[in-house]
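You will see chain A twice below: alongside chain B first, and alongside chain C after that.
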Partner chain A sequence: MSLTTAHSVVAPSDNSKRIAGAIIIAYALISIVPLLWIFATSFKTPPDSIAYPPKILFQPSLEGYCNLFTTRTRQTPEYINSLGPATGFCDETVRKRNMVIAGQSNFLPRFINSLIIAFGSTFCAVFLGTLSAYGFSRFKVPLADDLLFFILSTRFMPPIAVAIPIYLMYRELGLSDTALGMILLYTAVNVSLAVWLLKGFIDEIPREYEEAAMIDGYTRLQAFWRTVLPQATTGIAATAIFCLIFAWNEYAFAALLTSGTAQTAPPFIPTIIGEGGQDWPAVAAGTTIFLVPILVFTILLRKQLLRGITFGAVRK
Partner chain B sequence: MAEIRVQHLRKAFGDFVAVQDSNFVVEDGEFFVMLGPSGCGKTTTLRMIAGLELPTGGQILLGGDDVTMLRARERDIAFVFQLFALYPHMNVRKNIGFPLLAQGMPSAEIRSRVEETAKLLRIDHLLNKSVSGLAGGDRQRVALGRAIVRRPKCFLMDEPLGTLDTEFRDLMVHELRELHNRIHATTVYVTHDQMEAMSMADKIAVMNHGIIEQFGTPREIYDRPATMFVADFIGSPPMNFLGFGGGLTKGAKEIVVQGATVAVPEVREDIAPADMALGIRPEHIRFDDASKLRGAIYGTEYLGTTQIVAVETADGIIKARVPAEIRLNAGDHVGLTLNSARLSLFDKGSGRAVRTAVHDTASQGRAQHG
Partner chain C sequence: MLNRTAENVARATPEPLARKVRGISDKGLAWLFISPTILLLLAINIFPLFWAIYLSFTNYRANRPNEVVKNLGFANYQRILGDKDVWIAMQTTAHFVFWTILLQTLIGFTLAWLIDRKFRGHAFWTTLILVPMMLSPAVVGNFWRFLYEPQIGLFSYVISFVSGIPPTSIQMLSNVSLAPWSIIIVDTWMWTPYVMLICLAGLRSIPEYIYEAAEVDRASNWRQFWSITLPMALPFIMLAVLFRGIENFKMFDMVNLLTGGGPGSTTEVASITLKRQAFESWRTGYSSAFAIILFVAVFGLANIYVKALNKVKQR
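Up next is the complex of A and B:
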């Protein structure tokens, strides 16, 4: 204790900052490397994708994307030569492997199903969640605490635990393999999360805003629309991201309840593997495209997401 | 503008009675202040007048119409909240124009009304600013603007200066009163700050535990407190109490306190023997060595023009406000002379003021209840 320097008890020291930085960088690398690997694989040719040792540097190719969006048949070189000139980039690419394009693959419709089901259920969950959260926050609801606990309790079990009963019910109701069925299911799972998250946000909005609006001549619904909703946007955005991530990534129910018309991308992507050998670039291409919407949505709303996660930790 | 008449108003939340049988009339154009400690029911009363709470019993008449059970938006009143409730997602102009929008007023007319109101409040230069960047006083003015712009039947204000710092508060007290003098709007103003109440009000109701203890002008409330609570709540430092025993007879002009005979305003009613209290404001005490009422100086608080002297008597400490020039040392024994014309007498049991000559010129203020 020969030398004492004044140091802040609040601000971290340079050393601890460096250590923290190193840990974060290491963790980020560990997390990002698999994603980068998928991204890189999607631009490899099938031989490059299974090369050993794995290729870090390679000649990029769009073959994976061509294979993802098309179905192909193997032909003899004589037959391929007898055809006219290739009609497009993908046609040219697949002919090099002695194949011709037989038609469109199911990836695009499955991807559109995913968009419809995920965004549809997110909208429903957030819409219902906002209204019920407002009700619980502002009105004397009989047995409010018990009801809120009940709503939370629907999340106690992993949703897949009820997969079989839901499968049987959906079959009876004709909701099996329909977009409506999947939207209803994901909404039911997400609405409890939405109610709880949004109730926290709406509780924080002082009642005076609506009261002022109601005194100034607005109905409660108008007051809600014009004063509460604009101030709840942060909470709504954060809740929407959480709901969307669940609905977008959900695999188990989708695999069980959808097979054709309403199949979403998560159960579809693995089926690519079965078509004509293990086509890793096509799988990686499907995964890469699948990641894009959620990435864009999250980046657009990242500020709200951060506030949503740290919600309640910091007082305004 | 309109008169507000509150009759037998009562509000209970479960077992807790927030407001008990309140009765008062705010006359057209009057500035009425409800004053009391927190939890006394003043805000609940205000919210019932506004229609934000429905009463458990009683009636509220606004300009002669029974509005007791009407919705807030059907009452044509304006409310200024303690935290102003300015909409953070709208600028100043939109905030002030918000109530007019509800009436479906054409936008050109809203524009001119908003600008006229902003000029009145001297905030016309802020119209296009966001409300979140405004200083406390300006926020207050915007909140007032939103209230005035509608030209409602009356204004209700719930501790609107509560969050302002002292400097702004004094300024706004002055501005509010000046504004009231200009537009003569019937106003109900709730506060726990007696200085705000005394300096702005035409009439004050002092509330405690859901009961209106006294209803009267600031002068009546200060000079002739109807109960010991009012006497103790109003004034800084508050009224001193000196206990004495025995009854009073009609026509009595003096009492005996701590062995000293004190002249009091002529008693107008007979009081059976009970614990009584003599109430005296600090500024009505003088030091006089000849007096038999004695005490020792306990401490002094220098305030510039005057000083507050705490004197320890046989019945506890009483505070006197005397000129600052008088030199006093702690421990000095002094005699106290009381200004007989300004004394109040209370029945300690009920807290009620005894009727004396000071009440001759005014009606006994205590609101009837029970």
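Up next is the complex of A and C:
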């Protein structure tokens, strides 16, 4: 294609577009294969999941999901026959492998812990972050740059290094392995992101709105509440989603500071084992359930993604 | 305009009371808004940091809280700086950081450069490419252990299918020379989109008229790339490199789940050493000193980062 047909002299030629498109599509498809494999494995039976060569076509089964939510014990066929009819779909599936359901697994409580801790810490981080961001954006704060750098710098500490004193402190305070302790910790980690992102968003709201409101007789606080907050909704929502994703995905603190009652899903999922090693369909099922919310959020966030991952340094 | 201001003044004046109970001054409000965040960070980050500094001068062990704590002075620091294993861990970390950043920058920039051709449907495919970086490195990294299984793992199968090497001999996680690369591959898969996204912003920030001027001057495409595209996108590339550098310097979850530092200590990065010392050997004083040394190193990086960040912002 000659350049004259393009909109501008520098627009890429159709041919180069086609080649670029082909390479990008190939990369995208290859890079999502591991994710598709997680999804596919979650619907395989344990024997199918470890077949050689790896099975691309298989009879879908919900056994992985059954195994994820239950614990099972192996029994003799005679014992199973003496039990009477199966009480549900999972019961039936499990019996085919000479097992009976012994109880619920820990997946559901761990998943609920993840929800409580992620939402709790996100709420706190966004609440504190919005107030601080407004303070830094609108008022002359002494040493503002130093304080902002201090807030950001807490993010650069290696999690294991932070975990050592936190572990001791929480042991003294009785916060070890509690949801409250994890919420406080994730809030502290996320508040740095929240302040930096939200300061960027609030800086973009013209001061004139508040000034007009204050001339109308509003106090500063009312002006903040009625004019700034409604305008910052998009920014606050985007920030909240970033905080939520961090808290949801976090592993290092959770693995070191929680062991039982407050354990979240990321340290739990790798510990799902069946007979003779890792129960991969159950792990894949847990992983799938765990990843779906993030996929939804990523699609919702795609326009703000760049800003979030660079702490507001790059805006479009 | 004037009319509205007058109206506003009129509306405000009949209520002198409102002005009196305006309540808190701006300065008071500023501190009221900022102090909760600062207090939280002091309690959860700074206080523990000072505690760690104190512990780093002692022989305290967290699993024996009732033992008498002895002051050791700088002995812990001396021992760490003279410890061969620590230096090996630092080398492993440097090796990991170097290769992941090199690969991610090369692939990420190339992808961004291709996406910038704006072919039909590029927005959809870009979003698809971005998905891996949003996922939990721990949960997805854990699943890669399955992909890496010799024979039954998809990765090993594909590699043996392409290369003809028998699938049982592709021991990605237990072979001493392959294990570091198994981690580099997962990290690159996960974080190349991150570098790509920042590079894309850099490429899109270059105004078109510069290329038009170059076209008028009959500069070759090659020349345009080296004298316009690359230099102008460079601050963005640097930003991505610094972010990834800091993150990978701290890397813990993926390594812990994929290899746990093994086989032997071939993939034992600094965070893994720290975890083994602090939470397995319970040498709390010693590991606190190591943590402080890592703090200082990361703080150095953080300072460079903030300077680079300001440079990017000035453009």
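In the analysis below, the second predicted complex is superposed on the first by the 280 of 316 C-alpha atoms of A that agree within 3 Å, B and C clash if a C-alpha of one lies under 4 Å from a C-alpha of the other, contacts with A are read in each partner's own complex, and residues count from 1 in each chain.
We take it that contacts are C-beta pairs under 8 Å (C-beta built on N, C-alpha and C of every residue); 3 or more make two chains touch, one makes a residue touch a chain.
Since this is a predicted model, take the numbers as computed values, not measurements.
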item: First (chain B), second (chain C), both or neither touched by A:Q231; value: first
item: Partner chain in contact with A:Y134 - chain B first, chain C second, else both or neither; value: second
item: Chain B versus chain C as contact partner of A:A102, first or second or both or neither; value: neither
item: Touching partner for A:I269 - first (chain B), second (chain C), both, neither; value: second
item: Dominant toucher of chain A (residue count), chain B or chain C; value: C
item: First (chain B), second (chain C), both or neither touched by A:T219; value: both
item: Which superposed partner A:P159 touches (first chain B, second chain C, both, neither); value: second
item: Overlap of the chain B and chain C footprints on chain A, listed as residue numbers; value: 212, 215-217, 219
item: Chain B partner contacts - residues on chain A that touch it in the complex; value: 206, 208-209, 211-219, 222, 226-227, 230-231
item: List of chain B residues in touch with chain A within their complex; value: 50-52, 71-73, 75, 77-79, 81-83, 85, 87-89, 98-99, 102-103, 146, 150
item: Contact set on chain A toward chain C in their complex; value: 8-10, 12, 16-18, 20-21, 23-25, 27-28, 31-35, 37-38, 41, 49-54, 128-129, 131-132, 134-136, 138-141, 147, 149-154, 156-169, 171, 184-185, 187-188, 191-192, 195, 212, 215-217, 219-221, 245, 248-252, 255-256, 265-267, 269-270, 278, 280, 283-284, 287, 290-291, 294-295, 297-299, 302, 305-306, 309-310, 313-314, 316
item: Residue ranges of chain C in contact with chain A within the complex; value: 5, 8-9, 11-12, 15, 18-19, 21-24, 26-27, 29-34, 36-38, 40-41, 43-45, 47-49, 51-52, 55, 62, 111, 114-115, 117-122, 125-140, 142-147, 151-154, 157, 167, 189, 193-194, 197-198, 201, 204, 208, 211-212, 215, 236, 239, 243, 246, 249-250, 252-253, 256-257, 270-271, 274-275, 278-279, 284, 287-288, 291-292, 294-295, 298-299, 301-302, 306, 309, 312-313
